[in-house]
Structures are given as structure tokens and as C-alpha cells.
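Across the two complexes that follow, chain A remains constant while its partner is chain B and subsequently chain C.
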Partner chain A sequence: MKKKAVSKAKWIQSIATSACVLVASVVGFQSTAMADETCMSPYMAKIVGQEDYVYVWTLGVEGMGDGQDKLVTMSVNPNADSYGKVVNVLSVGGRNEAHHSGLTDDRKYLFAGGLDSNKIFVFDVATNPAKPTLHKVITDFVEKTGGMVGPHTFYALPGRVMVTALSNNVDHGGRTGMAEYTNEGEFIAAHWNPTDEDLRGAEKVGNVADGYGYDIRALPRRNVMVTSSFTGWSNYMMDFGQMLGDPEAMKRFGNTAIVWDLHTRKPKKVFEVPGAPLEIRCAWGSQNNYCFTTTALTSKIWLIYEDEEGEWQAKDVAEIGDPSKVPLPVDISITADDQGLWVQTFLDGKTRFFDISDPFNPVQKYEHVIGEQVNMISQSWDGKRAYFTSSLLGNWDKTGEADEQYFKLFTWNGKKLSHEFTVDFYELKLGRAHQMRFGAYSLYSQKPNSDGTMLSQTK
Partner chain B sequence: MISVKKNIFRFINFCLLSLVVIIFVYANNFQSSAIAANEKHFYGPGDNKQGYESIDYVTNTLDLQKRVGKQADLLEFYRNPPLGLPPAPVPAYNPLTEEKVSLGRILFFDRRLSINDTFSCAICHIPEQGFTNNEIQTAIGVEGRSGKRNAPTVYNSGYLKMMFHDGREDSLEQQVWAPFLARNEMANPSIGYVINKIKAIPDYDGLFEKAFDGRGPTMETVGMALASYQRTLNAADSPFDRWHFGKQQDAVSESVKRGFEVFTGKGQCSVCHLIHEDYALFADNQLHNTGLGYETSMGSNSTTTRVQLAPGVFADLDNKIIRSVSKAKLNDVGRYEVTENPNDRWKFLTPMLRNVALTAPYMHDGSMQSLREVMEFYNQGGVENELLSPLIKPLDLSDQEIDDVIEFLKSLTGSNIGTLVADAFAAPIGNISKDDPNWAHDNQIK
Partner chain C sequence: MKVLIVLVFGLSLTSLYGCESDKDTPLPGSHEAMAEANPRIVADGWTPDLSFEVPEPGTYSLATIKAAGGGIVLDSNGEELDLDSLLGDKIVLLTFIYSSCVDLNGCPLATAVFYKIKERFKDDPKLSDQIRLISISFDPEHDTPDVMKLYGAGFDDGDPQWLFLTTASEEALQPVIEKYGQMVLRMYDENGKSTGTMAHVLRAFLIDRSKNIRQEYSVSFLHDKLVTADIKTLLLEEGVLLADDVTDK
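Coming up: the complex of A and B.
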């Protein structure tokens, strides 16, 4: 009987694996062939051609404009009369520490989180891509997850959104986990990160199992999810300069990356990646079984990869700028052909392009100062356009004149960036520009509105 | 036949009763062993960073899912204060009752009592971190706004005659309203806002009326309930108490005994941190200028700051870079901010030393990470300034004497800490949920 059960389980497992391989192959083919938006979930619907809008999740600034967080819609199709202009502003109430946002797999909804208030705003971006509406506000993230604080990354799985957290409601430190929601914003489950006291079946590879969290990406063809680790509420909400001068606070940064079983959501390996590994970007190529992350404090590129024996490993493969000067690498973006990695360094305002054709030896090929400070980058599907925004965190951004808040478009010809336009978010009394996500009519088989504010995909 | 039936019935009854007893005993044992296994959660941050200075740092991270506790009879610590504490003072208008303590305990852990539902008292006064915060020097409030002082412990606060580092408040009942309303703490816009919010939260239905003879939430009853909970957090009966007051010779080490001699003799620590004949609070309810506040306010700026980036990895960052990401730092002139008397500049309240091993970092600004740093500061005679207290002068203590005083200070940790922390773990945390005032689960915001 037992044997039978085992063999049945094996049979199901083998069917499931084949199905996964099939799905992954299709997804892999699509992504590389179409030069898709490069940092999204492979499960997500694709845009071909020119994006029409960029949704900028923006932090309200006390005393400026209406002082609250908002979703700002930028018109970015050069064929539009409104090209380079703000076409919609949707204020949501409060300063929630607006940070990251993510689309559902069908790109119908945009989930946008508040790291401070723990609210998750679910916007409908499908009904009218030019004018998103607020579909739902999830107010009980902390209660439902059993104490997670700081909803950060929203990552699409089929019919699901994985939401990584940064902190907890007990000590506002870094121990945390991730939650799983339906596309409609219904809570499904909480998955706490492994700690020394409870590794939850994972292997502690190095010296560290801190339980911290930050970003998440998946490699479906390898049945793998990877998460990284930042810091808890007390630090990410603190004045940046004050924190740098607080030796206790500086001990409270994540030093781990975790490889998970994608399907069971169980942690498999906890790697020691010192110095706050932030964004994770996985390769798209069907044979490229690796992801990159960069460490904010120690300024290194790390490769998390599957070796020839099928074991997952983590290795530091390059330095970013001069680590002794702490340039603070923040957002990164991999090109669709897995040949290049953009790395932003916040403190010197630079974007840097690394050749990653040999993932074990990234080499910096180009750098350009985007502004006094820079954080996020979003590449277009073909890699020819790169959008940049400025804000890191409400209390970490530069102060005084250096506190530029912008949305900028550059074009990239493979050798250099050329500036197209800048929108000054302070001049428009909008606030601090942070996470960007694309919208396009082509996703929803829609035509432009009759009021003339929108336009067709081709001129 | 009837008698057989009766016997069967009796037998079944006996079996059932035995089963109940077995389950009860097992459950109790299970709970006790769970609490015992939980002991390591009670005496420091679960996110342990000991040894982080070294590249060989190894985590010993505790799991939040195992942070469970057990409710205690808190009133007992008021009725019979642990050894070493005097009878606990309670104002005549606010006698301690079980209902008030229970209500105050709920309020203390309620994150909804802040403008954006994210901040309870316990976020700065974290139970396992000595009811203070071991993880940051100075407190951070709503929206990350900076406080300029270290969150003080709540242990034994019922004995305080002055509250806050500048001594600006004189009763716990009133004190609670300062953090509720401070813009850089819980940031509530008004007293009425807090009261109305509590009235609208279903969890409080009937609790105030039960605790206060029919009176609902008011500025007064909220303060009285919170003060009542705090007055039960009396932690003593430490190894020192058992040795000094209980006359148990083997309760402390020889080093502790030597440290006590230094503390009360050559070190002159007990001039301010008083020890009475039959109890000790290790405080004088006075404010003193030790020079630390002066140095922070008036000291020269260095050009670099040593910053830790990862275990064993440091960088000397140019202060220009740090200033580029800093808001203007709030100055702190201490008691002067209450009296506006220039002679009170940089005076701060003498803290109690009970449970001091649990309450790092130290001093009013949390600028010292260890007891050794504190001892070295006093050993050098604080920092010279025109208003330096005459009680602060170089002590000429040897390394051994400093080590002994530190051992003595470590012996001041109360035996009932575990019970108090376990009780706090068992308290409900007030997270916003359905039917609460700021609930906005659909697209209607507030």
C-alpha cells in the first residue's frame, strides 16, 4: 500500500515536472524571442512594442501639494500629444511610505504597498490604462499574516501575488516572511523565513540565518524562488544619516539570500550574502539557471546559480564602484538577452552598465550620472528605453538642493544613454518618485479613448 | 443487573475523570515545558547580534513563531513587591485593580492607538529587550520621525517620582499622554482623537466601564489604566537582592561582592544610585550634568564616521556624505528644556539600575553600547564643562575594579523577568482589522 502511494506520488511528480518544463520552455521562448520587459515575472502577460504609460508609485511629502502618496500616470508613447506629461494623479490618503508595486499575472491589477502603514493599494489598470482606479485597499496585512510588517515586493505567480515583507509587529526589526494573495487581493497564506531556531527544513549553508526579507523572483523551469534581505522598520524608516551613525542599528541588516521550492513554498537553502542583498533579477535564457543580486552596503554583485551537479550556490562575482566609499547600489535591471545588467548607485547618482555575458565575471562597460541621486530603473521591452526615478526611502533621500525628485527617460543605443525628457516631481508638487510599472493598450486589445488624449500603437 | 450497570457507569466515569486529569496534567506540563523552552526569548532581542563585529559572526536567531508566553498574576508583583523593592506607591485616586491592569495591558500593546495604526507603547518598550529597545540608540516614531533620546525601561516605573530623561512629568497617569500626542512618537492629532478611536474599537467594548465603575474611555481613565499596568512591572529579587537583603551568601560571586564594594566606595556610584537599608532603587530622583549632553551639543565634528557594513566589514565614511542624507539633528539641552534655567543645561535624570544588563544601549541618548563604555566614561570623570556636577570626577578605577562593578550591575536582573516577559508575550497585539475605525478594505479610504 505504502509502495503504491509512493509510486503514485512519483507518477504525479513526474507529470507535474513535465508540465512545468513544458510551461517553462514556452515562457522562456516567449521571453527571449520578444525581448520582454526584463524584470517581471515570467508568468506575466507580455507587451509587444511601445509602452503607453508608466505608473509611478510616488511618496507624498509633508507640506507639499496634497501631502499624500499617489499613483502618477506618465504618458510615454512619443506618438501621444501628452508625451512626457503627467496624465493622471490618483491620491490614496496618508503617507504610507509608498515603495514598490507589482502587477498581477494578467496585468489587470497593480498592487502597491506602503512600507509604513502596511496598506496594499490594488489599482485597476486594465479598464482604462490612462486612468487607473483604486479597486481595493488591503488594510489587514499585519493581522492576516500573523505579524508581518512592510509589504515590499509584489510578484506574480499564476493567479497569485507573492508579497515579501520587511519587518514584524513585535520589535520592528528584520525578522519577517512573505505572504500569498489571490489576484483579487484575498489572503491565502503566510510563509515565515527560516531562522536558526526554526530553519523550516532549509539548510543553513553559511554562518547566517537571520530571517530577514526583501525581494523575490522565480525561475519556474527550475522550480525555484529566491529571496533577499534588507532591514526592519526601525532602520528603513529612520533618518539615513542618523542610522549610519548608530552602531546598533547598523548591525540590523540582512546578510542572507534564500532559495525556496517554488511549488511547495518551502525554503531549501539559506546562503550567506553579507551587506544587505536587495533586488533579485533572474536570467531569461532557457539554459541560464542563475539570478543576480547586489549588496547595498558592501557594493558587490552576487550570482546565485545552479551548479553542474544541480546544487544551488551563491558567489560574489564583482565589485560595484569603490566599495570603501559605499556608493550604495540599489535597483538593478537585467537585459532581456542576459548580456547586460544596469546597476544604480544611489549616493553618486550613477547608473552603471555591466557586461554579464560571463555571469561569473561581470565587467562594467559604461556609467552615466543620472542625477544627484538615483534609485529605480525600468527598461523597455527591447532595451532601447530606460526610465529612471529618484527616491529611495522617505527618510533616506538626500536633503536640501540634492533632493532632486524626477522621472527621466533615456534612450540606449548599446553604447551610451541619451536624455529624452525629465519630469520634475517637486515642481509639480507630486512628491518622491519611486517604483515604475508599464501599461499599454495592446495588453487589453483596447483602442485609444475618443477624447484624443490617447493614441494608437503605431503612427 | 442494575448494580452491574451502575458499576459500568462508575467505571466509565472514573475513566473519563482520569482522562480529564491526565489531559490537564499533560497540558499543564506541556505549557510549562513550552515556557521553559521559551526562556531564551525573554532576555534579549530574538535577532541576536552578539559578535557582529567579527567576520566570523554566527547567527543564533530566534523564531517569532515560537515567541509565545503565558499570562501571569501581575497584581501579585504589586501586592508583594519582589525582594529589594519597597511597597509600591499608588495614588489614592487610582487604586490598583485586576480590571485596570488587564485593560492597561491591552492598551500598551495596541498599535491602533497611533495616527496610522502602526505604533503601540510596546514598539519602543519591547518586552524581551528590557521593555526598552536594544536595537537603536534613540527612539523612532510614526513615519520614522526621530526622537533625540533613548527609550527608557518601563520596569519599576511605578517608583519614579519624575518621568522622562528631563524629569518633566510627575505621574504615570499623566505621562502616558506625552507619547500619544508627540509628533515624533505616536503622533495622534488630539486627545479627543485617541478617546474616540478607543470608543470605536470593538475590542474595548465594556472594558473601561468594567474597570472604572461605569466610566468609559476618557483622558483620565486611559491614563489610569496604562499606569496600572506599568505599576505591576516590578522586577527585582535579583541575585544581588538575595545576597544583600536576603543574606544568602552564595547568591552572588566574589566578583559581584567586590563590585558592590567599589560601587558603594571608591566608585561613589551609590551617591546617586542610592541603596537604602531595606530596599534599593539605585536612583536619587535628581538630575545631573555628567558632560555627555554637553559634549554632544558642543563637541567638535569629526570628518569621518566609522560605519559597519556587514559582519567584520567597516568603512570610514566621509561626514559630508552622511550630512547629505541627514536631516538637521535635534539638539538636546536636557532639563533646561523644561525649566529654561541656564543652570539646568545638559542635566538628565539619574536612571534606576535594576535590570540594567537588559537595557542597552545606555545613557539618555543611547550613545554607549556596553556597560564597560559607561564605566570608562565615569572613570575618566565625564566630560568637563562649566556646569559639570561636582559629583562627577575621575575615579581612578582599575580594570579589575571596573570588571567587578560590571559583574555587580549584571547581578541586578530580577528573578521574575521571565514571568513578566512571558505575560507580555501572551498579551494581544492590537493590529487594525475589520470593524476598526480606520478599516478600508474596499476602495473607500477612511
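Coming up: the complex of A and C.
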């Protein structure tokens, strides 16, 4: 009996070992064919192959079209007849200061926030990726969170979405926190940022714990979550020129980044990072335990990293353009191989490519003017495609002729960007183009028929 | 059919633990293989040794995410029961799998980690009686109760209890997976014919005795040491464990 069992066991092992070749081939194919955005949560399902759509969360402009905020679906697959065209517009009713958006880990839903109305719109992008539908509108964000204002970043965690806020309903300044929701949009918990008065167990490394918030990213393998800091409602809803001339307003910007324990949601260290550190992008490499952020007002690249002793540190590692001219660095995007960082500077409309092969010494290698103003970038996993949009905030965008509002695609060959197409959001009376997120039929086991219906649908 | 399942499951586990052929290595799927100290895991985002310090149980809290769901399921003997009846008396760790899954970040990983958790709680009545592991198939067409019995035979020794469940049909399955937000996609070829494979994001759910989901795990955090810390945190919260009882087992 024992002999028979061993014989069967070896037979199974032999078959299984032989099959490894096939499995490895499949896995290898998937990793080389990935074409997803590089700045998404590592928890999220990845697009394999070419993205089909880019969802652009767009601010409505009074007197332009229906004047409402809207989710604009761009067709971006070169094989589609509709390539480079708007294929769907879903208006949400009114203006909310549409800003950022983020997908759930299973990419069934896209959360999109309104910084002024505090509404969160949850779109179903899975049932038909070409035509998202509005699944739910969360209207009690302030009440549920105990006073947070300005839902900003939507970051996928397992079965949940972490939502950072920018402000609060007491003084409309920058003290704030973040909140967890289920993928379906049900509130779970609120986590307020540590402050000088209540550090919540965190260590204050610098001179300040301002409690401000902005972006969030995580390095799950190190159980670390990093948040940055911007400014509160009283500033981000103010006219940009007026704010620049108001010394008191200019004091109300965040100067900190916080490292959190991802699993327990407890703040560990508060770093002093002067000048409004905005987007955070963490490296992908298994040994690259660091994240980048850029400061809007001081125009620097900061590295938040784990040192050889396992302690987290923050260090400014490069300047962006001429800081004295305040080019206003905004969105950034890290390449999938951790070798490059795209940095947009809003006021001169440039994108700049930094070599970050030495993360402690980023060096700018290339720059290109995208438009009169530029904010967001989403690059494909293979780095060959980079999408850009133009809007920063409704009251901060340029005015007159310089107020270009667009969605642009460039290709990147490692040396220079080549323009593919531009969609003028003002000409189409859509509004101010802001954050982009990718969609693809491959995520949902679907492909389109010629009539636009799905060949196979989710069961 | 049984041979096919054994074949595919063997393939899955071999893929999970590495492809090197070695006559002296334990049989894929055997207890020896599962308990091996340093298997070569190739699933992205998962390492056999947790790469950070496990938080001390009871020093943090787990928010209530949402109510866990019930639904009519079949046990491995084909007996019909309500999933809800398996919740409440113990802390439950639940996941969805299918027996022919070869996704390295999916079912084989979940089953391997569940096994390691089971081994951690085994032979300690104070802990073992407090938890129940549940693996539910989302492929009722192929994963009959007999298949699930075969699938689970190498893992479940009752200490602690580990149930391998299925459903009678797709119609019976849907309300169950919807309650847990478990997205499952059948994969089709270019002619619209099912390939027999499914795409899903691996999820595991930690459910307290009030039948609330208190933690959801995906690949990066589905680690036996971390799940054990979370289970002990719930047991401390309930008063079933006292602080002195918490050891690094």
C-alpha cells in the first residue's frame, strides 16, 4: 500500500513539475505585457496589455455645456475606431470642485471626490468599461468622519478604499485625516492625523506636526503607509492670485509627511517637509524601500526612505527647475522600473524627466512643454505612453488664453516625447480635465462587439 | 475527474512552492511540503517570511468593516446548510477558492496560508476551539461536494476545524459571493466559449463572533503570523484570551 502511495505521489510530482514550464510562461507573459498605470495601489488588479479607456474626472465650468462635473471616457486603444475620441460623458449634477479619483482593488468601482461639496461619486466601471454608470453618491463624508472636509486621494486597500481629506469643518484649515470605506462605499473608520497637541503615539522628527493631509501611498512589504500635506478649504477654494498676496493665507500650507503603520493604521513618524509636499510615489522594486514626493512651494524632490537600521527618514534630494521662480511642481509619476520620475511644473507647463537610478541624487535629463499649464500625468506600465491633463483647481487654473484645458497623449522612446493627439476639453464644452484612471475590457473578461455590446459579461 | 483535480491542484501547489525537481523534496500538497520552512514562493507580493515586525496582539484594534453574509451552501458530504449557521460560535477565517485554480496569487496561496494558520493553532485547545477555517468554492459546476472533500482531505484534520464547502449552482453561489464583494470572472476565449479558468482577486475574511467582518486580506497581508496576531487581537477583545496568554506561537 505504501509503495503504491509513493508511486502515485511521484507521478503527481512529475506531472506538476512538468507543468511548471507552462505556468512560468504564462506568468512571464503577464509581467511583460502589463500596461497599467505605474502609480496605482499594489493591491489593485493590473491591466494586461493595452488600456482601452482613460476616465477623466472633469470639473464643470459655469456656462460651458451643461456646466456640471463629469466623468469623461476617452477611447485610447489604437485598434478602436473611436481612438482618440470621447466615447462617453456622465455628468453628476452640479459642480463639486471635482479633483481626484481612484479605483477599488478589484477595479469594479471608481471613487471620485468633490473638494468643495464633500461628495464622493462611486462609478461602476466594470459592467461596461465604455459606459460607466453612477453606482452611489456618498453625501455624509463630513458627518461620518467627524468633521473632515475635502475628500482627495482614493487609495485601494484589500476590499476597502482609504480616502485622504484636505481640511476640516471647524476652521476650514489644513488639519484633517483620512477615512476608510468599503469598496461599495460604506463608511468604516476615520483616522485623524497626528498634531503637535496630540501626536497619537507618533514621533515628531522635525519641529512641527501640523496635522495636514493630501496624498497617500503604501509599501505593503514594509507595512508602511505615507501621507503628505497641502492646504485647507480656505486656501484651495480661494482665487490663486488673491491667495499669493495674502501673507496669512500663505502660512496655511502643510510642511509635513507622515509614515504610518499600514496594518494598525497608527502614525509612527512625522517628518518636517517644508513647502506643501503633494503627490507620493513609492518604488516598485522588492528591495527599493523608498517613496518620492515633491514640494509645491519650495520646488524640491524629497526622498522618504528606510535606512540600513530599518528607520524611516526624509531628505530633500534635488531641486526642480529654478525654485526661486516657483514653477509649482504638481503631479509626478514613477516608472515601473524605478529608474525615472516624471515631474510636472504647472506654471511653465513643462514635464521634466528625472533619472532616479540613484534615488539620493535625481538628475533631470529631459523636459518638454506640454501646454500653457499642466498638472496630471498617467503613464503606462511599459513607459511608452504618457497621458497629460491640464487643470489644478477651479480657482487656481490660469485665465484667458492661457487657460488651456486638454487631454493629451504622448509616446516616449526613452529620449523624447512625441505628440500623438490632443482633445480640447473647452472646444468640446466639457470643462477642466483633471485626474485620469485607466480601464480595460481585459480586466473583466470582456471584449467589445462591433455594436458596442459585450461579447462576454461578468456572471 | 478526481484525477484531473489532483493533477491541477498538484500543479498549483508546485507552482506556488517552486518548480525545481528534486527526488528528496516532499510531495507537492503533502503536509511535509506545506510545513517546509522556506518554500520558494513565486507569487508576487508574498514572501514566506513576513518582512516586517508583527504587531503585538491587542495593541491595535480592528474596525468593523461590514456584516458577514450567509447563504445556502453544501458541505463535503453534500448536506445543505446555511453559511450563517457556521458563524457566531467561533472566530471564522473564510476564503473563496476553486479547485482547478492555477493563479499563483490566488487559491493555492490562500490554501497554503490557511494550512500554516491551522498548524499554528493546532494542539492548543484554548486557541484551536476558538477558530474555524472555511474555504468555499466559487466553481459549483466542477467543485462538487466530492471534489471539495478530495481537495480538503490533505489539509483538514479537525484541529482546528477546516470546512471545504461548495454550492449547488451558480444561482446559489451568487448571493454568497456578492455579500462578501468577491468578484469572480469566468474567462472566455475569442469565440465566447468558457476556458474553464476564472479571474479573481484573492480575498480572505476574518469574522468575529458578532458575525462582522473585521479584516480583509489580499496577497500582501495574507500571512499566517499576521492573521494569527489579528485573531488573538479579537480573542483579547472578547476576553477569551488574557494579555498573559498571548505568546508568539
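The rule is simple: the second predicted complex is superposed on the first by the 413 of 459 C-alpha atoms of A that agree within 3 Å, B and C clash if a C-alpha of one lies under 4 Å from a C-alpha of the other, contacts with A are read in each partner's own complex, and residues count from 1 in each chain.
Everything below uses one rule, namely that contacts are C-beta pairs under 8 Å (C-beta built on N, C-alpha and C of every residue); 3 or more make two chains touch, one makes a residue touch a chain.
Predicted model only: the values in this text are computed from it and were never measured.
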Residue contacts on chain A - larger count, chain B or chain C: B
Which superposed partner A:Lys136 touches (first chain B, second chain C, both, neither): first
First (chain B), second (chain C), both or neither touched by A:Tyr43: second
Touching partner for A:His172 - first (chain B), second (chain C), both, neither: first
Touching partner for A:Asp307 - first (chain B), second (chain C), both, neither: neither
Partner chain(s) touched by A:Glu180 [first = chain B, second = chain C, both, neither]: second
Which superposed partner A:Arg221 touches (first chain B, second chain C, both, neither): second
Intersection of chain A interface sets (partners chain B, chain C): none
Residues on chain B engaged by chain A in the complex (per definition of touch): 45-47, 49, 52, 56-67, 111, 116-118, 123, 126, 128-129, 133-138, 140, 143-144, 146, 305, 307-311, 313, 315, 317-318, 321-327, 329, 360-361, 366, 369, 429, 431-434, 438-443, 445-446
Residues on chain C engaged by chain A in the complex (per definition of touch): 6-7, 10-11, 13-15, 19, 21, 25, 27-30, 42, 45, 47, 51-53, 55, 59-60, 63-66, 102, 104, 170, 174, 181, 183-188, 190, 192, 199, 201, 203, 216-221, 226
Residues of chain A touching chain C in the complex: 9-10, 12-13, 15-17, 19-21, 23-24, 27, 42-43, 45, 105-106, 108, 126, 158-160, 180, 182-184, 186, 188-189, 220-223, 261, 263-266, 444-445, 447, 455-456, 458-459
Chain A residues within the chain B interface of the complex: 92-97, 116-119, 133-140, 142-143, 146-147, 149, 168-175, 192, 195-198, 207-211, 234-242, 244-253, 255, 274-276, 295, 297-298, 323-326, 347, 394-400, 402
